[in-house]
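Since the structure comes first, as structure tokens, the remarks are kept for the end.
Lettered A, B, C, D, E and F in written order, each chain numbered from 1.
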């Protein structure tokens, strides 16, 4: 099992989510983050005080996947999150020792297969 | 050392925290996240535009534990975060190579044993 | 490759960022979190109801580094985030299996070397 | 808008003047139009006062309870409420001659267009209904609330207005209620108490901390309420005279005193002054001075503001530790504060300041008696109406919705939104949208 | 501030009185000063109504569009707008005699200082310009917007005001527009439509969900708009008389009816009442009653409020599914609502309530004709001005800025900020700062 | 509220009329009641203007500084402030005859109830005290602030009001201060400067970026300030006459000009118009026109608004780069802006527009002299009071609290809250809660 943790542009979230769903990856956790990389940073001014915004808004996706889904998840993100300009973000692949589904206590592969409701 | 990273329901945070404290697990970091899994998503309407909320609010707990506390931490979360309905969340167990306590520079096991103040 | 994940005090973020940049570590992702450790917690009162704030605001830094930068990153954070009072936070070192740069698809070491713009 | 100036040009010269009876008092009319606008603004203030104090997930639902009252009670007041309160009738109920505003033209009474009396009084009816929503936020079904205030404004508010202000029996008893201590505040406070008891407490009440999600909104609300109250009390003089000035000036002083006393109590009890406390103190000071605003001296108003805080302060503390989930303390602020004010008016009322009598023990008891009658009527009436509404639409939402927060399930909206992860569902232009949009399996392209 | 009281003391006794012509009507003057202030506050309300409905990244840009109108149109109105609208001239355009306020002293006309007429009318010009910003938020270049409203307020608004209120040809035609249904609302609605079409839709429009970032701000805005509208409609009577009262009271009833009707439509269509919907209903009810506020009966105003909602409601739904990105539905609310109101006024106007005629089919057509002329003029004029401005400064921002949100790139600020990760760039005291601050390589100590 | 109408019924016929002296001017009284309400609302506006500009962790503390001034200065004004300013006395200080409002009944003076003069003037005293809080936000101890403004409002504000408006020596000198340029703005600006210097800069000042946490609140505040200022300046005419209209209309034009000039400066210097800048420009324009509002022509008011911005703009820039932490620039906006306004009034004042003299170099110097005297008195007095208060309660909070933000440690509340992870500490109903709640070891069940 792996945890795919991707930092992407905020405005790309919609596209990436849609691409993931199309790739049949339904379980994902999203968090708002701020990133610093090679992007030009913004300058703001408040009544005389000039301020450099070192951080720009990004979004992180965390996806627990089985080994067999790993490549698909990574490639989907790489493809759908790319704009080609500096600041597109990173994908980290982290080893997972165990995954549990809280509702059932199921483990690992069975824990990350989503159950569709209302479909 | 392991990092237990759990995605739980927002409304369960209070219960889970209390359960963790009862289990003598005091060190924990909490973040607000949004999740997509098998839950039915909400539909909202703004003056004619209908919108499907793909993400629902969740909370992530990150807990660095020694191997000996691992099982206790996982089981406590599994027990206290469960409602039985789809959307209860996941627990990920991630290997940790090192842990440092910033205040003292202590490492690993010594780094995650909390010092109680005002108790 | 490692992921250095540090929980620090909110008010130390500026100092830590500056120190990291001085140490030539430019790529970093920041998120707002709330922590519970050994700190004295706050008490608040709203019209008769008294409330204990178990969580205090913290900031998490996530930095993907090559092995050769690992020690520098950790030491920089430990040094610049320290106040000496309980609540300074933790640094976790997590193994990374792979890192991708979304913009180019580059991998691992090449993925985390920032490209400076506007310099 | 310059039309009226041009009437002569347009050939209907003198037409406008035909209406302008000699007895219209333009200054008093201006003051009452201003006062009506100010009381209106209190409803907006209330939406923010209440809305800021609830949790984020119920912010819109709470605010909408005030806004929808503008619509519903605005209409019930026009249809029948005003008639029941102020049309000729007996001592207990007005007649039906103003039904649907019939019989109300552009005529003037006491120097003021009757229509203005209708509008001014209408804003009072609206805010009274909106006030009680504070007791049942975060769990009452919105549709039940809408039906409830429609009935309540007609069956409870209008008769009480008749009794106290419309020449009814409480008026004849000699009870003094300058601007609505009994009709508005005691009434709303008691109805709130009854509703809170009937609905029961929120699931999280007493278990979890339920913190105000935006205290600045509560401060904004308190500020707008105070501002509007200058019209509420000042306008109740029905003239731009010394009594209006007295009422207005007392409405500045009483809450000032209440603020300071509350701050002292806070420091003494907690060692710190709280913002929610200050906002609350403002309201209590204003509620306290309301019944006597135009009939007590400025110094008395300071005393009333200061004294009215004391019982309410302790009711607040008691309530927070009790199992009574009067969520935003309508009873403590308006019920208890209104009663304190009514009784203190009986003591401080002074003929030197325009009062009909001087303060006395007997006036104190008259005030208490009138309050008691209002309390009983309001409590019993509220109970019966709520029971009746419950048959039509359950008063309380399901527990699941309560846990989720009411904004999304009941109103399909969030107060604050980032839009992240929200996907647009295309609606074919012109097509009538379905009531329950189909939820598609995830991952299926829409 | 007590100076005036002391004038005699200071030896210029009687000086002040020299100005006080016998014919100043102090009550009417008071009411109009109040009304002017109220209409002013509508601009602030509009900033919040619009600002709350856009996305967080454009909140300041949107709000500033209303605020800057106070500056720009305030000045253009003083320089030339008022003159073109109200100075003597022909049926189509006023003269230049009030250019730069020349010739306007402290004189009184019809009991009111002319300067007050200038100020009151000025607030109308301001809000009309600000209204149209709702159609082009989140993508129009701020500098182009500033130039546009400067020109538009002079070339479109002022002539229309002349035609309808200044004794111009629409006035002589017999069209009734008590407080600005045609001049303000239809005009703004049509200009909004044209601008939206010319600018094109936002890149995300129809693709992503663009949710209101702060619905409470929209409610605050709606509340302040409603409050201010009492002055907008009530002040348009130009006196503190029964017609002012009628206009004001109708401005309470019409939106109340609109609120309830919208709530019913929402329940019927979606099963839930929405907050943004209620805020919108308030505006439509007010727009609808504006042209007839002081000339229809209270019961008619309820009907107008209720009926005006219907077409707008369906235009909202149609619009949301169409490719027309009139982002905040200025056309549906003000254009359609204004037209409904103008036409309904033709039906409901009544001489018994101060109207110049009774409602009739012919009046209905006169209303329609006047509206049509306004629509054509506004549409063509807006188109030409926008084309011209586009030559000077492109109307639309670059796509990249649009994606980023306009607050940071155009204004150098964020609406909400934590300051985390923001580093201060020291500016040498006294030095003039450079226009484009140098971005230093990261990690370099400043 | 209909009570007054019913007085005859109740048998005290004619009683009300006994009070109504023939000389009450109802229209002027209405206008002054409205103006008082408007100035009151400025305090709420100020709370939001300041509160939005500070960091989130100090939002409540900052807002409460304005709200508590309503309580404290409201009372000190009633107890002694009004007496020192306006009771008979000598040229330097009023007497004690109005101590505790004694001697002030329902009498009329110059057509207006004296009590209304008290209330109107009281709102000026309150806002002046609240204004200076902008200099010391995010680090002043709240209790020290409360004591400070109580003393300051009596010892500094009241005497200055006497000198300038109460027939004192600055008045006799011939200094013109129509609505409070010297008494309110220069005074507050200088006191702010002195306090900022005495308290020293915030620990983060010049080191970290301290961004406004809610710019929309600052815009709301600016909007409410502008709105209220119509009463501040207009009401200072003390009558609903042409001078009130002039003052009001000038209060629309001057900030309009200030807005546009500021926008131009912003574009020229930064290439972008800032929202905080616009909010600031509004305030400066209003401050600038305050001393001359009712005595200069509308065109002059445009010039004053435009010119007053220039010095302030550069003081803002200088200040931001300096080590003077006048945190919200009270000195630049009110001190410098007030001085510009006072001097420009000396140039633009015109007898044709109701001024006592025509502008002249000598009037310019008189204005400057009066300002200088006010500056010296305010500076020295503020210094002494602050030193004295410092003995009772240290002016500044401990560094640790400053870093943490003042809301939680000083007020036990957060401005915005999610309640996540907050645990309720049950309080036994009825029990008096302990001052310092016991912190239990974590994990122990409460």
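By definition in this document, a contact is a pair of C-beta atoms (placed from the backbone, for glycine too) under 8 Å apart; a residue touches a chain by one contact, two chains touch by 3 or more.
In this text the structure is predicted, and so the values were computed from the model without any measurement.
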Problem set entry | Which of C-D and C-F has more C-beta contact pairs | C-F
Exercise. Matching A-E on over half of contact pairs, by residue number: which of C-F, C-D or A-D?
Worked result: C-F
Problem set entry | Inter-chain centre distance, chain D versus chain E - centres from mean C-alpha coordinates, in Å | 30
Exercise. Using CA atom averages as chain centres, what separation in Å is found between chain B and chain C?
Worked result: 18
Problem set entry | Inter-chain centre distance, chain B versus chain F - centres from mean C-alpha coordinates, in Å | 48
Exercise. Which chain D residues touch at least two other chains?
Worked result: 26-27, 30, 34, 208-212, 214, 220, 270, 272, 274, 276, 317-318, 320-321, 409, 412-414, 418, 420-424, 427, 433, 439, 442
Problem set entry | Two or more partner chains touched - positions in chain B | 14, 17, 26, 30-32, 34, 36, 38, 40, 44-46, 48-49, 51-52, 54-55, 94-95, 114, 116, 118
For this session: Using the touch rule from the top, collect the residues of chain A that touch chain E in their complex.
Result: 11, 14, 34, 36, 38, 40-46, 48-55
Problem set entry | Parts of chain E lying in touch with chain D, wherever the complex brings them together | 25-28, 30-31, 34, 38, 55-56, 86, 110, 117, 120-121, 124, 165-167, 171, 174, 176-180, 206-216, 219-220, 222-224, 226-227, 230-231, 234-246, 248-249, 252-253, 255-260, 263, 267, 269-276, 278-279, 281-282, 294, 297-299, 302, 317-318, 320-322, 351-354, 356
Exercise. Touching chain F in the complex: which residues of chain E?
Worked result: 1-7, 9-10, 12, 15-16, 19-20, 24, 26-27, 29-30, 33-34, 36-37, 40-41, 43-44, 47-48, 51, 59-60, 63-64, 67-68, 70-72, 74-75, 78, 100-101, 104-106, 108, 113, 115-116, 118-119, 122-123, 142-143, 146, 214, 217, 220, 409-419, 422-424, 426-433, 435-436
Seminar exercise, completed: Contacts from chain A onto chain F in the complex sit at residues 44-49, 51-52
Problem set entry | chain A contact footprint on chain B (complex, rising order) | 2, 6-8, 31-40, 54-55, 58, 60, 74, 77-78, 81-95
